[in-house]
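The two complexes that follow have chain A in common; it is paired with chain B in the first and with chain C in the second.
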Partner chain A sequence: MNATLVRAFLRQRFTSPMRLAIAAMFTFFPLAGLALTGQLAMVQGIAGPLAILFAAGAIGQDVSSGTLQLLLARPVTRPAYLVSRWLGASLAAYGLAAATILLGAGVLVLRGTPAAPLELARVLLEAASSVTGHAAVMIMLSTLVGGLGDLGLYALTLFLSQMAAAIGAFRQWTWLQRASAEVQGVLGPEVSLAGLAQGLPPSWFAVVSWASTITLVLAVGLARLNRRELSYASG
Partner chain B sequence: MAAIVVENLVKSYARGLGGLGGRTVALAGVSLTIEPGETVGIIGPNGAGKTTLLGCLLGFLRPDSGRIAIHGLPVDDLAVRAATGYLPERLVLDRWMSGMALLQFHHALAGLPADSREADCQALLDRVGLDREAAGRRVGRYSRGMLQRLALAQALVGEPRLLYLDEPVSGVDPAGIVVFRDILARLSASGATILINSHQLAEVERVCHRVVFVKQGRVEAMETMRAGAAHARVLRVRLSTEQPAAAPGRLAAIAGDAGATFRGWSAPDARFAVADDAGATRLIAALARDGVALIEVMPEEGRLERLFAAGGGSAATGASPPGAGSAGEAAPAAPDASPAPDTAGDHSRFMPPPGPPAEGAR
Partner chain C sequence: MPPAEPLAARGPTRRDPRLLWIAALLLLGARVVLGVLEERHPPRRADMVPWVEPADAAARSRLTGRPILYDFTAEWCGPCQRMEREVYADERQARAFARLVVPVRIVDRQQEDGRNSPLVDSLQRAHRVTVFPTLVVVDSAGRAIERLEGYPGATQLMTWVGRTSARARVARPDGLRITF
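Let's turn to the complex of A and B:
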């Protein structure tokens, strides 16, 4: 991990007007829904999309523009670069997601229906798991294609897996449904802490599954990045 | 220990999807040795493999075979990278940062101390001639020349001992070129090893100790330059045909008095070798003073232009066999102090490099 790279990435993401505008849309509508319904659950789904937004093109844009050459001419290893991008995207997305969730909690207090502390903790922790998971997947996809191609690859994979799930359900092919569910699980690794409010511990299987998915996608991304040659001649 | 050792480097690229279209050989067995403090130019036609060679030296590309050692270390060693500066041909700087922020970013990436960061970066901006207003401006709003200067400043972060410059003066105005020469002369005098990939032959001839001509992925020739040799040249003086031509003997005498050498006569042109720019001025003044009716004076094309035009290789040089012609294998030779030769056969190819010039030699 390289703190300079993480800081620069955060600055770059938070000075991009387009990203900030989309992020504002992602947070505004759930907050508005929360204000209307009084349900904290309205904002718990923003973490994944925010992670995708902030991680999109994290590596692919550096490769396409050529700035990666300048970075790697410095004493920075490729693993450190990749992990820094992942952490940067996760921090950016989680910062905004957590702020939105806390703002939502504040709105609930103003409405006179404050969220239970355990419920708030659950939403914040689930957001953390979702952000880190989605960011890792996007970082991996970003090593595969240039520019913002990772976004397209994510959408395509999600679409195909949903199509496959629909076909599986229609033809009653359980293996296809299972495979589609696995692919979708890999695309959005997160840990459900639904039992926390009842005082139940999280499922260790879910935690290990989430951690191993993140490890796997980062390892694939690193393998790809290590093999990538950086030259317009090589393209 | 040599600064850079390249042994029998081979690099090819896959053509088509998954390499189904075969492979294009970019480097076909390049061998090269560069001594510490040497400034070496890499020239050659488009597609010769120059950028690929640079990419391999920087660790951006993986050679198919062969070996590269930088001060005895592999190219991706962090100690090597910490001592490396790189100016890319494509000015791919982070456009959202200000010039100062970009330098500070690279200063931090280079692992240099934070307490001297601002002062170091300001000094670099001053060195390349970017003022404070430009330093605070977003890189995306820089002109091409300003980008080139900023990219050079970025490459100079941390006073690198190894500097790779890809087309460093492309798009730079004359004042910027003077700044570039001065920076290179100082770096070279301090013992930095500099590799320049450029099509600006006159500039390469002026600043480099040695030039490597790459063609079709091979080192076709090496040319040892004399420090400061850019000023030494052959002048072609066109005489008026409206007056009786001066006798060659008289021209030779005038040239001798002016410190130049008469090289020959082919009506209506006379050719003279001069040691430097001042020598050219003295010769022209002497010819005019002695009543020689000259109507035009022009320098003949440089050594590298002739080398380039000849395709880099004459029968004397040919292709460099692996390991041959590396500078480190031959005995040192004194720099050539005579005016530039006027025949292609005078090239001191495969000669070892001269020592680094004294400060201010160029």
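Let's turn to the complex of A and C:
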């Protein structure tokens, strides 16, 4: 990891007006929903979209603009670059998600229906798992295509897997439903801690799936980045 | 003149992520093994949603001001079982469900018994149910407000239920006072 790269990435993401406007939309509507219904569940889904927003184009835009060639002329290794991008995107998204969740908890206190501390901790932890998972997937996709093509790849894969799930449900093909659920799990890795309230630990399968997806997509992303020819002579 | 860079930092920028690959492959193996184990011995937890009988749903909806949520499901449906484990077996989500909607479960028995009860048949026809799970939110007058086909995950499902419930309460047909 390279702290300078992480700081520069955070600065770049938090000074992008378009990203900030979309992030404001992502957080405002769930907060409004929370204020109306009094349910903390309204803000627990924002972490994934925020991670996608902040990680989109993290590497692809550097490749397209030629920044990566200049960056790698400095003493920065490709693994350090990739991990810094992943951590930067995760930190940016989690910072905003956690602030929104805490703001939501504050709104609930003002409504006179405060969230239980365990419930709040659960939502914050689930957000952390969701942010790191989604950001890792987007970083991997970003090594495959230039610019913001990773967003398109993500949307296309999600659409195809949902189509497959619908076909599987319609034809009662359990294997297709299972396969599309796995693909969707890879696209949005997160650990559900719903059992905590009942004193139950999270499912080991869910935890291992989340860790496996993150390591696998980062390894694939790094392999792709290592094989990318960046010299100006390569055309 | 810029300071010289340390010698150790020079050299190729590529580093083979061997350890990362080993960790990824080990975790992938563990994932497959645990997936198979959980498939064969799924952790069963009690359903904690206070389901309401279809015949009582409209009256309960008028009384509480909450819309009715029909959960069209089937025993053999994999995503439905996942939804039961992740949402209905969770005390907190179950409480949220009961606070937001009047939950009614409609179980399809076509595959097991060869036919459904007339009530299940009529509800499935009325709401054009072709896939499982299908969730349909209706108002107390029986008008469908929104539907969701498939299980999108616990978080998305609860967000959808919360949003749809809020929409349904704002659009109440009987003109009663809206309370949240």
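The rule is short, and it goes like this: the second predicted complex is superposed on the first by the 230 of 235 C-alpha atoms of A that agree within 3 Å, B and C clash if a C-alpha of one lies under 4 Å from a C-alpha of the other, contacts with A are read in each partner's own complex, and residues count from 1 in each chain.
FYI, a contact is a pair of C-beta atoms (placed from the backbone, for glycine too) under 8 Å apart; a residue touches a chain by one contact, two chains touch by 3 or more.
On a predicted model such as this, the values are computed, not experimentally measured, just so you know.
Of the two partner chains, chain C is the only one touched by A:Phe205; chain B is not.
Looking at the shared chain after the overlay, A:Ser192 reaches chain C, while chain B stays out of its contact range. Once the two structures are overlaid, the count of chain A residues touched is higher for C than for its counterpart among chain B and chain C. In the superposed model, A:Thr15 makes contact with chain B only, not with chain C.
Using the contact criterion defined above for the overlaid structures, shared-chain residue A:Asn2 touches chain B, although it does not reach chain C.
Contact with both chain B and chain C is seen for A:Leu72 once the two complexes are overlaid on the shared chain. 72, 75-77 are the residues of chain A that lie in the contact sets of both chain B and chain C, per the superposition on chain A.
Taken in their complex, chain B has these residues touching chain A: 13, 26, 51-52, 55, 58-62, 78-79, 81-82, 84-86, 88, 90, 92-94, 96-97, 105-106, 108-111, 154, 164.
Remark: chain A residues 30, 33, 36-39, 41-42, 44-45, 48, 72, 75-79, 81, 119, 126, 130, 162, 165-166, 169-170, 172, 174, 177-178, 181, 184, 188, 190, 192, 194-195, 197-198, 200, 203-205, 208-209, 211-212, 215-216, 218-219, 222-223, 226 touch chain C in the complex. Within the complex formed with chain A, the residues of chain C that make contact are 5-6, 9-10, 13-17, 20-21, 23-24, 27-28, 30-31, 34-35, 37-38, 43, 45, 76-79, 82, 86-87, 90-93, 96, 99-100, 111, 130-132, 149-150, 153-156, 158-159, 162-163, 165-166, 180. By the touch criterion given at the top, residues 2, 4-5, 8, 12, 15-16, 65-67, 69-77, 229-234 of chain A touch chain B in their complex.
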